[in-house]
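You will see chain A twice below: alongside chain B first, and alongside chain C after that.
Here is the complex of A and B:
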C-alpha cells in the first residue's frame, strides 16, 4: 500500500520529523571534532600523542565510566546523585582489604559488593518506597558522606604503602592491555558492552519505555519496580568499577572524592541526550559528551588559561548545546 | 427555543444561538438556554454534548464565536470571570476543588479578604463572623476558619465551596455535578439546601448525569445533544425516560457489522468480587467469542471493576478464575501472562507512549516474543509490526514513526495492536473509541467483531450507549457500585439503557426525600 510511504493522518501534519534527519545524528560527533580541531590550532602542545593519550586516560576514562552509570539511572527516568558514593564505597572496601593482605581479586569483588549495596538501597527507596530519584539519591549521598567520615576518623585518607603493593593492584592502576592503559581499556569495553546491550536488548527497550512513560509501561505489563531497581543497581556496580580503578591509579582512598565526578557525569549525559536524534539518553552520546568535556578541559589548560576557567568552558558548552537544541526544536 | 426577541422580564439568563468551536471541532452549535428567575434549572446531555462548554461561557472562561448572552435582560457580549462574579453568578465545581493547603478562612475569602479599616491587615474576626453566619444559617454547624482544607471531608469541602459562593451574595448559583463525590445522605442534605436557596430567590443551574436527581429537584430542564439545545421544558411534563431518549442521537446505527456468534468455552469467571468503597458483589462469566458490554456513570464502579480484572486494583473479596484457574494475586504482568489485555480510556496517559515509535509501542507487551538471549530480533520485530500496521490499516509513515505523529484513531489502533502482538485472548476495552474519528471508529468496531469471531472474549466498557448496544451481546449496568441490570443488547434501546444507568429505578425513592 503506497500510503504507508507518506504520512497523512487527515488534516494533521506530522508534528515531529519521523526519520531523524542527518543533522541531529551528526551534531555531537561534529562538535567534538570541531572543538578538537580548534584546540589543535590554538595550542601547539595539544595535538601531541602524549597529550591525546593523557586526555583519554586522565580526563576521559574514569569520568566516562561514571557518566555511563549516570546514564543508566537517567534512562530509567531518574537521576543518581550518589554515583560518587558508590565510587567511594567500592574504593574504601577495596583499599581496606588490600591493606589487610587479601588477594586483589577478592578485594575487588568486595569493592563491587560495597558499591552494589548503595545501588540496591537507592532502588529500594525509589522503586519500593516511591521516593523521587532526586531526593532518594540525594539522601544516599548525605548518608554515604557521613558513613565515610565515621569510618575514617573524620575524613583521613587511607594510603597504601609505596612498597609491597601486589602486582595485580599495580596492573589495574598503571598497566596496559595491548598498549592501552587498563583504565581506558576498561572504560571503552564497558561503554561498548552497555551501549550494545541497552541499544539492542529487550531490557534496554524496557528501561527506555519506563523512563519515557512509566504509567504506560505499567499498563503494558512491564515490571517497573524491578527494572528500576536493576537500573540503579547496575549504575552503582559500574560506578564501583570506577572506584576500584581510581584507587588503583592513585594508591590512596580519599573519603568523598567520588563526588568530583558527579557534575560532569550529569553534564555529559545531558549533552548526549539533547544532541541525540530522538533525545533519549544513550551511551554513545554520553561517551562523546564526556570526550567533549575532556577536550575542553585539557585544551583550555594548554591554551594557557588558568585551571579555574575549566568550569566556565563546561558551562558555556552546556549553554551551546541548549541553544542548539532550542533551534532544532522549532 | 428563544428567537432574538425583546428581553423577557422573568428570564434571569437568556442565551440564544450560542456557538463555539475548538480547533475545528464544534462544541456548541447554536445552543440556547433560558432560565427563569428563582427556579432550579437542570442541564443534561451526554459527554461531549456541550454542557461544560456552555457553563464555561457563562463563567466567562470561553468566549462564544456567535450568539447573544442576556443576563437580567442586559446583553453581555464580553463576559469575563470577574464580570460574571459582579453579576452575581457563582459556581460550585466538582472538579475545581479547593486548594488543599489553604485554611478554611483563606479558601472562603481568597481575593476578597476584608481588611481592618485603614490598614493592610486582614480583619480575621470579621472573616470568622461572616463565615459562621452563613455556615450556621444554612448548615447548622460551624467550621473553624483555621482548619486546613485537607483535613475536611468531601461534604465539608463542598460546604466550604457553597459558603464561599453564598458570602458573595449570589444571584445565580451553578452546581456542576455536585453529587458525584457525595454519599446518599449528604446528597439529600444538598437537595434540601438547594430548594431552600431557590425559595430565597436565588436562581439555580444544576448540571448532572443523574436524571433521577433532575426529576426530583429541578423545575425546568434543558437537554443538549451534539452542541444543540434539543429540548427545554418543565420537568413536570417529562420523565427520566423521556430525557434519556432526547439525549441520545438516534442517527448513527449502521456502523456496526453483524457478527456470527460462535459460543465457546468459559474463559473468565468472576464470583462476588468486591472492592471496598468502589463496587460490591459483582459476578459474571465470559465465554469465548462473546462481547460483553458494561456501562455505568462515573463513580459507578464499572471502571474500577475492569481495572481489577487486569490487576491494577486489588479486590477486597471475591474470586476471579481465568480458564477455570483461580487467580490469587494479580498484577498486570500476571494478567498479560494469562492473555488478558487492557486498552485504557486514557490513551495518551496510559495506553500508548507518544515518545516511543510505532514499533516500540506495538511490541511493548510482547518483547519476549522478539528476543533471544535478551537481544531483540529487530528484523522480525519490524516485520511483525509492519504486518499489524497493514492489518489494522494504521496510517503512519512506518514502524519507526513516533506515535505522537499519528492521529488519535491511529494511536488507538496501535494501542490495540499491542495486544494483538501479545496474542491476547481476553480483551478489556475501556471506552475504545473515545476521541476517535468516525472512520477509525468503524474500523475499530470491525476489529472488535473480528476478534470475537476468531474466539477472543471481549469486555467493552463504554458510556457511548449506541456503540455499546451495537457491539455487545449482553450488557451489564453498574450503578453506585452494583450491577443492577443485565440486558440483552438485541432487545434494549439506548434510552432504556441510559435510564437504567442514570438511576431512574430509584426515582420514586428519591422523590420522597424532598
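Here is the complex of A and C:
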C-alpha cells in the first residue's frame, strides 16, 4: 500500500509518524520471556539444563537454519516457498552418496550442490525471466515434489542401515563441538555469520537495498538480477545445510519432508519483522521468532498437555504477537 | 511500513495498469488462446490414447472427484479478487484447507452424536463461516497481513482438528452423505452436481452482479474504490467470510467423498493455491475469475484421471502443474516485456 501513501483519502489528513513507538517492537521479546517464565513455573521439568539444551538442539537449531534461508529471500524483497525442496534435495543426494559408499565430505558437498540447483533455478526464474517470487518458488516446490516421488518410487523413504554408518556422518548428527551439539553450533554460527554479513558487508547491504527499494536500486546501477540470483542461491545453500544435518540426525531421507519447516519459517521471519522499527526482516528477529516457537512446542509438551494442543497453542501465540504488534504499530 | 513495501506483485499484466494498456490485450489474448488450446490438446490426447477417457461416466467422475478442490479454489478466488494482484500484502487465505478439514470433523462428530443431517450441515457451514470471520477480523479490523494472519489461523484450526480427532479418521454415514457419494444425475455424481451448481451461483455473483464488480474494484485499486465511496473494508471482510463458507461446504463434500474425515486435509493447501492462481490464465484480462478457476480445477482433474487411465504415475501431476504455472507466467512476463 505504501505506493499510495501520499494519496490521502478525502477528508483525512495523511498520518505522519515521527517516532515509531517502541511498544510493538517489544511484543516479540516480551512474549518470549513471558512464555519462558510461564513454563518454568508450570512445569518442573522445563527449567533444567538438559531440557533447555534439548529445546535449542531439537526444536530450535534446524528450524532456525531454514528460517534464516527464508529471511534471506524475504530480505531481497521476495519469498521462498521452496526452502523445503532445497532441504529435501540436499538430504536425498547426501543419503544416496553415503549409501553408495562415498566419503561423507564428498556426499555433503554433493548435497550442498543439489540444494544450490534449486536456488539457482529460482534465481533464474525470478531475476532473469521476471516471475514473481511467490509463483516462481511455488512452481519449484511442485516440480521438486514430483521429482522426489519419481526418484523414490512414489515416495519411499531411503534408510541408512544402522550398522556401518560412517563416523563423520554420526558426528554431524549426534556429535558435539566443545560441548555444544553440532547442529546447534552450526545454526548459531550461520545466524551470526549472516547477521554480520547482511548488515555490514556491501553485498548484504545491496540485498537489503534491493528488497526495500527495487526501482531505486536499479536506477542507482546496482546489479539487481545478479544479486537476487545470488540471494536465492544462498537461501537454498543454507537450507541444504539444514537438509544434511537433518539426515545425519535421523539417518533417513523421507521424500518431501522438508516442507514441514516451511510455514514456521515464514511465521518466524515475519514475526521477526516486528523487532525492527521499520518492520524489515532481520536475522535477530527471525532467530527470536524461532526460539519462541521452539519454547512453546517444548513447554506445551512438558506441561502434560495433549501433544495435539501444541499446534493450537503455537497458532494462538503467533496470532497474539502479530495482533499486538499490528494494532500498536498503526 | 516496509513489510508492505516488499514487492511481490503477481506478474500478470493487470498488476500495472499503464503497461497493460500498451501491450496487454494481444499478449493476454495469445496466452488465453494458448492455454485453452493446451487444455483442448491434453483432452484430445487422452481421448485418443486412454481407454474409457472420453466416456460420459468417466467425465462425470472427474467432475465429482474435483468437487472438494474446486469449491475450495472458488473460495480462494473470491479472496484473490478482493485482495488484488499482490499475493503478500493482497488477499490470500492459507487456512482454507485446514478449514475444510475441521468442518468435515464437525460434520462427522455431529452425525456420530446422533443428530440429523440438517444439524450437521448447519454445524459444518457455521464452522467454516466462523473461521472465515476470524480471518476477516484479523485482516480488516486488526490489520495483520493476510499471508501471516491466515497462517496463524491455519495452525489453530489444524490444531483443533487434531485435538478433536486425535489424528484418526472419524467415519460417518448418513442419508445425505449416501446421496452425495452414490447418487447421480445424468451420470454425473451428486458431488459433481453440487460443485457445478455452486460454481454457477458463485460465477453469477462474482461476474454479473454489482457486488462482484465492487469486489474487483476493491482488489485492483483500493484507493480509487474508497474514493468512489465503496465500503472497501466491508467488501474485503465479506470475501474472507465467503471463503470460509466455501471451506465449510468443501468439508461436507469431503466427508461424503471419503465416507469420513481425513487426517491429511492440510495437504490440500498448495494445490488449492496453484489451482486458483492457474485459473487466471483462462480469463480475458488475466485476473482471477470463477469460470477460470473451474477450468483450472477440471484441467488438473483430467490430468490426474488421464495419467491413471494410461497407467502413468500420478506423482507426475504435481510436476506438470508446477511446470505449467512457470511456463504460463514466464510466457505472460516475456510477452509483456517484448511489447512494451
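Assume the second predicted complex is superposed on the first by the 301 of 330 C-alpha atoms of A that agree within 3 Å, B and C clash if a C-alpha of one lies under 4 Å from a C-alpha of the other, contacts with A are read in each partner's own complex, and residues count from 1 in each chain.
Here is the rule we use: contacts are C-beta pairs under 8 Å (C-beta built on N, C-alpha and C of every residue); 3 or more make two chains touch, one makes a residue touch a chain.
Model, not experiment: these values are computed from the prediction.
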- Task: Give the label of whichever partner, chain B or chain C, reaches more residues of chain A.
- Result: C
- Does the superposition put A:177 against chain B (first), chain C (second), both, or neither? neither
- If you stack the two complexes on chain A, which partner ends up touching A:106: first (chain B), second (chain C), both, or neither? neither
- Query: Taking the superposition as given, does A:200 touch the first partner, chain B, the second, chain C, both, or neither?
  - Reply: first
- Task: Could you look at A:273 and tell me whether it touches chain B, chain C, both or neither (first, second, both, neither)?
- Result: second
- So, does A:136 touch the first partner chain B, the second partner chain C, both, or neither? second
- Message: With both complexes overlaid on chain A, does A:218 touch chain B (first), chain C (second), both or neither?
- Response: first
- Message: I'd like to know which partner A:209 touches here: chain B for first, chain C for second, both or neither.
- Response: first
- Query: Touching chain B and also chain C: which chain A residues?
  - Reply: 1, 4-5, 7, 9-10, 212-213, 278
- Parts of chain A lying in touch with chain C, wherever the complex brings them together: 1-2, 4-5, 7, 9-10, 74, 77-79, 125, 129-136, 138-147, 149-150, 154-155, 211-214, 263, 266-267, 270-271, 273, 278-280, 306, 308-316, 318-319, 322-323, 326-327, 330
- Note on the structure: chain A partner, complex, touching residues on chain C are 1-11, 87-89, 94, 138, 142-145, 147-149, 151-160, 162-163, 166-167, 222-223, 226-227, 270, 273-274, 277, 313, 315-323, 325-326, 329-330, 333-334, 337
- Contact footprint of chain A on chain B as seen in their complex: 24, 312, 332-333, 335-336, 342, 344, 349-356, 360, 363-365, 367-368, 370-371, 374-376, 378, 389-390, 395-398, 400-402, 404-407, 410, 418, 437
- Please name which positions on chain A make contact with chain B in the complex. 1, 3-12, 14-16, 18-19, 197, 200-203, 205-206, 208-209, 212-213, 215-223, 278
